[in-house]
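Letters A, B, C, D, E and F mark the chains in the order given here, with residues in each chain numbered from 1 onward.
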Amino acid sequence: MGLAQFLYAARKLNNIGRWASDFMHIRASVSEHSFFVTQVAQMLGMIEEEHGNSVNWEKLYKKALNHDVVEAFTGDILSNVKNMTPKMKTAVDDIENMIADELLFSKMEPPYRDMYRDMIFDGKDESLEGQILRYSDNIDAMLECLTETKLGNNPPFKKKYSEIREKLKKSPLTSVQFFIEKVLPEYEELLE
Amino acid sequence: MGLAQFLYAARKLNNIGRWASDFMHIRASVSEHSFFVTQVAQMLGMIEEEHGNSVNWEKLYKKALNHDVVEAFTGDILSNVKNMTPKMKTAVDDIENMIADELLFSKMEPPYRDMYRDMIFDGKDESLEGQILRYSDNIDAMLECLTETKLGNNPPFKKKYSEIREKLKKSPLTSVQFFIEKVLPEYEELLE
Amino acid sequence: MGLAQFLYAARKLNNIGRWASDFMHIRASVSEHSFFVTQVAQMLGMIEEEHGNSVNWEKLYKKALNHDVVEAFTGDILSNVKNMTPKMKTAVDDIENMIADELLFSKMEPPYRDMYRDMIFDGKDESLEGQILRYSDNIDAMLECLTETKLGNNPPFKKKYSEIREKLKKSPLTSVQFFIEKVLPEYEELLE
Amino acid sequence: MGLAQFLYAARKLNNIGRWASDFMHIRASVSEHSFFVTQVAQMLGMIEEEHGNSVNWEKLYKKALNHDVVEAFTGDILSNVKNMTPKMKTAVDDIENMIADELLFSKMEPPYRDMYRDMIFDGKDESLEGQILRYSDNIDAMLECLTETKLGNNPPFKKKYSEIREKLKKSPLTSVQFFIEKVLPEYEELLE
Amino acid sequence: MGLAQFLYAARKLNNIGRWASDFMHIRASVSEHSFFVTQVAQMLGMIEEEHGNSVNWEKLYKKALNHDVVEAFTGDILSNVKNMTPKMKTAVDDIENMIADELLFSKMEPPYRDMYRDMIFDGKDESLEGQILRYSDNIDAMLECLTETKLGNNPPFKKKYSEIREKLKKSPLTSVQFFIEKVLPEYEELLE
Amino acid sequence: MGLAQFLYAARKLNNIGRWASDFMHIRASVSEHSFFVTQVAQMLGMIEEEHGNSVNWEKLYKKALNHDVVEAFTGDILSNVKNMTPKMKTAVDDIENMIADELLFSKMEPPYRDMYRDMIFDGKDESLEGQILRYSDNIDAMLECLTETKLGNNPPFKKKYSEIREKLKKSPLTSVQFFIEKVLPEYEELLE
């Protein structure tokens, strides 16, 4: 069948820590990251709707919940490495596809195989939901960096915090602007 | 605003371990539990649809993702204690409502307050989605017990595993029957 | 017999962390808390005697050592929740009594049952020893908050530290006044 | 004053793990060990009194609670090393006395210095209370070994479990015989 | 200068766990792995010399100690992924070289840059020392798998243990044959 | 044979934490310490050679890698205790020798016994390599103290950092002076 293999892979995300090689006071597992990214995506979606934009909720939740399941096979580090050059991104994407085919989908029957393949790849497309996922992923990383910095763990988190915040400020999404202007200052206050 | 308080509460679920007082080889945080319950709910939903039943996906994801956020204020233990007698369940439900009002919603503006209040309470109602959530919560607990038992940690997990499996066998849901008959044996094999 | 059940319960206190939902640099288990509260109670007792007050040492040690054994069944969180309103305190006390009867004392023979029941309930009465226990519990919490604050972990520990210290300053006990004036400043210095 | 130094030393016992160099599924801190040894001593004392022997409770609690405070300065390992030969025991005892004088008592005023010095040294004398402490220390170690063995962690815990049980069987104390015959089998059952 | 960057990178190996996505009772850091691989290499070297083969010790130690320093930048997972296909191995090797140049060597002055570059790349060449390193890396992994299996953690460690042992049996090195025949059975006995 | 016993002892260094009784944000195991000391020794050796001094690399690596293996039997604490007085140093040295003979070398055949005995004792002699080991051990401790201090964990690490740095400044070795003047400031910058 292969459905058990999918759940077993999702469970393995508990064993994988984020930001592999840096010391952290609070290291989140990839499961915890996935939970929180989905929470942020849910909040951005609610804000979008309050501002008159329509959200495909099924699509948004599917993208957010499953966007890092493939890390069960490749680990968290690749996502950092992959952003170094376009060539690396291609190489890593290829590796992820090959591994998921070999270890996960080869054992899974349709129609589940097709549904799950859609869910775990290409989450960050240019649809509103794809963009919300991408920025939610960034917001989670930014809040992690902020928390480490407030706890006195500066390198490399202080610098990364500023970089991500600057990047988010340039986002065209209403909900991201709302988050940076209204939610982030409140969150920062809670950590002081 | 109060939105930051909600995210901050969700983040606290990383700090709370499940099954508070028993030794576990692998202790999941409430965030990891919430992630996995949502994964199981997603799978049961897909199975329901494959068998011709229609699922409200937005409702299902909202119920599953947020069903334990209130534990940020009350801890995980109450959910165990609350099942001892109906009187206790009422007392604990009252406590949870009072605390969430006091610590979370008092600071949040409408319409977010109303939306979030719906999401974090009364998730396990008698709709199909409410039932899927309740059984997904059970399935997660069952798989945790199974894993501990396979790792040689018998009390109290061996007994609890059998109890939950028996309970699930009596479920009227197609997807739960499918899970017990087709997915569980495969999952067990992966642990051997 | 039931004596093994009591020891087994006491052992479970190793698995339960204090301050469940907040991040801590140093999280004490309930066993470690019980050990330290008994150390503080012993010190306050010595100070009381040095100032001419007589202490019933058997009573003091029994109260301090066993005051949180019931948390093996209810977890640490209830003690925080219970202080919200008098109604909640009553509800939680009821729950603790029912659970201890069900899971612990039903299997224990007299006279041990009666002796242990006295030890694990009603420790914080208005006798000198009961008051010493209550303030020792506070002092342990205050020193935990102080330690977190010194390590740069401010919320919620900085605020709680001040609250507890103010509360202790109002204590009528000679030993508590002595502690705040003579011991606390020295302890603070050791953390700098 | 020096009282803060004593509490600070007691707190450090949270940082020291027992059985330093062997892998354990559940490693207790020296604080947790001290708490549990005092629980066992309390139980043995109750059993002694039920069998007509009189216990000096103040003396028993003081011995049990404080018997390992000196490990804050010397670590847990010395207690293992010290039993190799009588010459080593003398050397280690000398070291412990010198260190406690240097780091703890030199700063403490009488009468606290004298009271604390009595409490942390020579606990395991030949009085009934001294013997109860020695056997309680053994019982804690035996139950730790038993727990590891039940969890599948055999070397060196399986062998040590048998050795300690045999040693306890030869104890002249009524309460120890009662523990081995009545309490231990029940405890073992709880782990199966 | 860049020498501090090298030490800082080596220190980061403490933060990276081996076998990223599988649960382990005992997870070694990459530093601990590097230490142990160097210990095994030292033993194999001693055995080779006892059997009349000459070892270049400087070369052997340099290869073994530094063989995983690059994982400070790429994480442990790549070493698993890289063995899937030759194409992947090439891609990963390219990535490692680019990252080390960018993050480490660009800041380091000659002659240290050249010496360190030699040490962290191409360790597993076909010289006797390169072969000893490759087999020492395998022996460490085999002993980790053996330990997990003895502790009751079977998948995937039981199967991997057999695979690696079979692979080692085919090694042409005298010291590896000696290890499998003489040392491994003794080691296995120590775990029983 | 006894070779397995040696590896098994080296493996136990993973279980032993450094600086036993003080809280640390980042506690290194003795394996991690040994790895890093060997890295520092390698760097000092390279610097010595760049300044025209000749290094016996085989000797240096053997000293550094194996200098704490004996702690598998005696724990980390003795090395701290032993520096209190010359009499204590002698007593601890005696203990270490007796234990290593009893538990390790009694089972090992020559010539391995003689080679290993040389490696694990008397590493810090007055040869250039012995001095490099001694200072590398100090440098590792200094960098650990520096890291804790930068993370806000002052006592006792701030004071120890200054003490060790002052001691190193008095070293006659070229490489140590180079390290303090050129490498340490860069390392400090990386932590800010």
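The rule is short, and it goes like this: a residue touches a chain if its C-beta (ideal position, glycine included) is under 8 Å from a C-beta of that chain, and two chains touch if they have at least 3 such contacts.
This is a predicted model, so every value here is computed, not measured.
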item	value
Partner chains shared by chain D and chain F (touch criterion as defined above)	C, E
Maximum centroid distance from chain F, chain identifier (CA atoms)	B
Chain whose Cα centroid lies at the greatest distance from that of chain D	A
Interface numbering overlap (same over half, different under half) for chain A and chain E	same
Distance between chain centroids, defined by C-alpha means - chain C, chain F (Å)	42
Distance between the centres, which are taken as Cα means, of chain E and chain C, whole angstrom	49
Computed distance of Cα centres, chain D from chain C, in Å	22
For chain B, residues contacting two or more additional chains	13, 23, 25-26, 151-152, 190
Interchain pairs in contact, sorted by label	A-B, A-C, A-E, A-F, B-C, B-D, B-E, C-D, C-F, D-E, D-F, E-F
For the chain D and chain F complex, residues of the former touching the latter	12-13, 15-17, 20-23, 71-78, 81, 84-85, 88, 91, 95, 98-99, 102
Interface residues, chain E side, partner chain D - complex	25-26, 150-152, 190-192
Residue ranges of chain A touching chain B (in the complex, touch as defined)	1-8, 10-11, 13-14, 26, 28-29, 31-32, 34-36, 38-40, 42-43, 46, 50, 57-58, 61-62, 65, 111-112, 115, 143, 182-184, 186-187, 189-190
Residues of chain F that touch chain C when the two form their complex	23, 25, 151-155
